[in-house]
């Protein structure tokens, strides 16, 4: 079976695969950025003294955490145009879906991060006369973020692997592109083995980086 | 919207049967995979914290391999590539004689994948307890194994209940990947119904609701367990 | 300067502070002591509004702390506070710790804030450590930086919550020395501490708390020389004996 | 009883222990003091094999700690150890903390272990707290339970690593009192502590460590009365002054 | 114009949204250059030309929207796509949601296996394993015929055609049952085309058609007329040959008599 392993098919379709990888990276980066911002706001809401606010944020998080990502993508593809009032195209609806979905996870991470900052630090900021927003901005969030960098990265690696679910709306990320080539050329074995290797190398580098960061912040 | 809603389709034969059987497959794949993941993940996670370079090295390799390849790809590799790596007879046996081949493969693949993530949680839980408790256990004469059994594990499992809950939820959601090797679980059945009837919205709504039901039950269950094992007087276990 | 009138506070059903009244005059040093859990930290946190209270009134320099339209941030910026665990901000350097509130709260220029920070670091004997991160300093050094950080706001009074109890024994004195200097310079201070040596040297008054109540509130001489209530007696014997 | 011969230990390039030799005779109480980071905890952990060391030899009751075929678990079960942060097992009750090793290591019957545990709890004055969980006790109470837990193994010697430094001041004495009792009952003890009051009352010898070396190793009288090395002098003046 | 919602909205947008599949070789798939191409796409382009003429917008823009089997109906229902060019089987259940243009291709379930396996008809599969693609009409057909004739077949469900094929290649299954056109495509693309065979009678008939939104007879009639014209003029035969005989993928499938007849019947006069 491996005797006639056809590497040609990989090189013939290289530019196609590279384009897919670019899509994967762009999606991952934007989803992380957006998810992190929205997630942080949600985390602040969840920890807020206002019951209604924290209740809503909690509901949001639990709702998205109970849904398979693939169904979230599917629903957003059809719902976003209705909300916006015009077709937005697969890419933007997928971005919205990813950002909102990841926000639920990043919210939980940032919440843990904020809670990992000792109460005394918050008191210290307040005692110096910093306002709530200043205290969050200059004292709490930088530390929360720093404490959570390893977990944030791990989540990013999961997200990086999950982007392939965009195939439901016809966007071609790395895995989807490879699958397309596999289908067209009937070279499924070659493509999937390549994909496994590529993901492994990239994600392993990612997690080694996480380890480095962890050690750096461990102090 | 130019769409003919027909919720009745969900309750017609054979589609209702399909949904029910899909749901049952989701549950059985997930639970079986969870048992595997929890057991193996615990072993690997513990191995990453013991005082033996070999055990640690092997466990680390395991974790890095299994969590750095997308589940979808692993599913494929287990189903199509793994049997080819075996000696011919064994390979043929896996391909032809293995009882319920799709189910077994899905459980093994999902279980091994999730185990790598459970292992990370278990390790984090043990490391969160710190050297002090380990030393205290050793100092009263417990063997290293006893220290794990009576001191480190009971506390670390309590600490990691929240992240374990997430993994448990994820395994239900990830079980849908099993459809790629032909396990007709909930998502696959929803697709089937859509292919047959073109009533996709109804089918996917049903699937979404089924997932929300399962995950809600799991969250509730884990909350109950968390309450049951809470240690009197302790506010937060992770704090130390 | 600091005026507490019949303060009571509850956590749920549990009463932490019970009808506490006292005042601290300008330039006075008041030491607060008492068993663990007696409410000392809570009391001192109420003074600059870090903890809300349900009954009574606290005024600082004429401003009511619990008042509806009191600008708490502004009030707090005028009261320095030093914590048991130093609570320096670990992610920025020592000098930035001292500059942060000067820049963001007082709106000083970077230059002015820096000069001021260096002057204060010099005062606590740590000018050469300005660019390190807190975690690179010993506990005693961190606490001295924390004092400098509080002083940078030119506070009208300073609150200390067990400033030496998280320190290794050999570092306690370097912090106490800074505090004694401060007292001698005429700073108004409210200090929760068990260091009776410090109380003996600079306290004008000593307050003894137990179970949320102020059980004793008297001058240093009265406190150390006359017979006191039974609880205070027992407590003092415990912490002085070893 | 405990014999240390030329112990050296490195963490990577960093030498924590440098050629440390001393011995503790049966029934002797030895206090170890010295600045933070001088290697006191490391030294005491080497004695029951919690930390490996690279050079030298330690024997306890004739058994070599670093020896190839030493049964470390068995050796440790014969030496009691008490930690700075108590390290009670949080998930089981106080009495179960004391019973655990009796059941699993010594193989005592549940009945016997329970009786023994209750006897020891009574000895440290906590018989009424047997069924609580550690987190429901005060620090001083937790440390007394930790001592009871160590005693339950009928140890031939006890090691203490700063047993009172995580305690509130008014709880220090309740722990020290238990330790003094123990010393008076003839227990062999090696105690890392800064409580010089304790040293004065019961120590037979005092060891002063600095930068991984044993700088002083002399009787209590010598240590407190005669002139010592400069470092020890400075250190002692710091921790005794306040 | 009186009552073509679809034409109105195309005109208003100045764009026509054309749904296409990504791996339905050789009907509608992404080529090496990353662009959709295929038999269905070519036919749709003719339809688009007719639309351009009808609404008098020669520079009408074509927006290609990739669709999957899960999204095609929803996208058509919510108005995102104006037509779907893929390889969608026409049946009555599906007509509850969408309308179809005339049949442009006819295929049916057949069986592919290794040469020398002794399998020619479904009856030869007694006791053997056949791979089936999830949710396809082929799955229904095989199960129906097997049940009717009392044949005992083990089935193996797969996600897509290449996986079904791989099952046969690796010996996990003895045969793969699918639309004959797809089977020929798989054989021609396999590494050793000479080792495999496509055999048996048609176990089902699957007519493919271009999907259009429902309840717009004007729009549908325009499509029907376009295709009928091509069938009458024989133009459709040229397009057929371009993709199937032998076609860029080497599929090598001369037009069947059934399809030829179908084209003749559907070539309605004006």
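Residue numbering begins at 1 within each chain, and the chains themselves are lettered A, B, C, D and E in the order written.
What we mean here is this: a contact is a pair of C-beta atoms (placed from the backbone, for glycine too) under 8 Å apart; a residue touches a chain by one contact, two chains touch by 3 or more.
None of the values given here were measured: they were computed from a predicted structure.
Chemist: Set subunit A aside and report the joined-up groups of chains, separated by bars, or one piece if nothing splits.
Modeler: One piece, even once subunit A is excluded.
Chemist: So which chains count as neighbours of both subunit C and subunit E?
Modeler: A
Chemist: Which chain has its C-alpha centre farthest away from the C-alpha centre of subunit A?
Modeler: The chain farthest from subunit A, judged by C-alpha centres, is D.
Chemist: Can you check how far apart subunit A and subunit D are, centre to centre, with Cα atoms defining each centre and the answer in Å?
Modeler: Using C-alpha averages as centres, the distance is 50 Å.
Chemist: If you average the Cα atoms of subunit B and of subunit C to get two centres, how far apart are those centres in Å?
Modeler: 52
Chemist: For subunit C versus subunit D, what separation do you get between their C-alpha means, in angstrom?
Modeler: Taking the mean C-alpha position of each chain, the two centres sit 35 Å apart.
Chemist: Please report how many Å separate the Cα centroid of subunit B from that of subunit E, as a whole number.
Modeler: For subunit B versus subunit E, the centre distance works out to 38 Å.
Chemist: Out of subunit E, which residues touch more than one other chain, so two or more?
Modeler: 70, 74, 78-79, 163, 166, 170
Chemist: Give me the residues of subunit D that touch two or more other chains.
Modeler: Not one residue of subunit D touches more than one other chain, so the list is empty.
Chemist: List, in ascending order, every residue of subunit B touching at least 2 other chains.
Modeler: 76, 80, 84, 201, 204
Chemist: Which pairs of chains touch each other?
Modeler: A-B, A-C, A-E, B-D, B-E, C-D
Chemist: Residue numbers of subunit D touching subunit C in their complex, please.
Modeler: Listed in rising order, the residues are 35-36, 138, 168-173, 176, 194-195, 197-198, 235, 238-239, 241-242.
Chemist: Which of the residues in subunit D come into contact with subunit B in the complex?
Modeler: 45, 48, 50, 72-74, 76-81, 83, 85, 87-92, 100-101, 104-106, 132-137, 149-150, 153
Chemist: What residues on subunit B touch subunit D, complex-wise?
Modeler: My answer: residues 132-133, 135-143, 146, 150-151, 154-155, 158, 231-234, 237.
Chemist: Where on subunit A does subunit E make contact in their complex?
Modeler: Residues 1, 4, 6, 12-13, 16, 19, 74, 77-78, 81-82, 87, 90, 167-172, 179-180, 182-186, 188-189 of subunit A touch subunit E in their complex.
Chemist: Name, in rising order, each residue of subunit B that touches subunit E in their complex.
Modeler: 1-4, 6, 76, 80, 83-84, 92, 95-96, 101-102, 179-184, 188, 191-192, 194-201, 204
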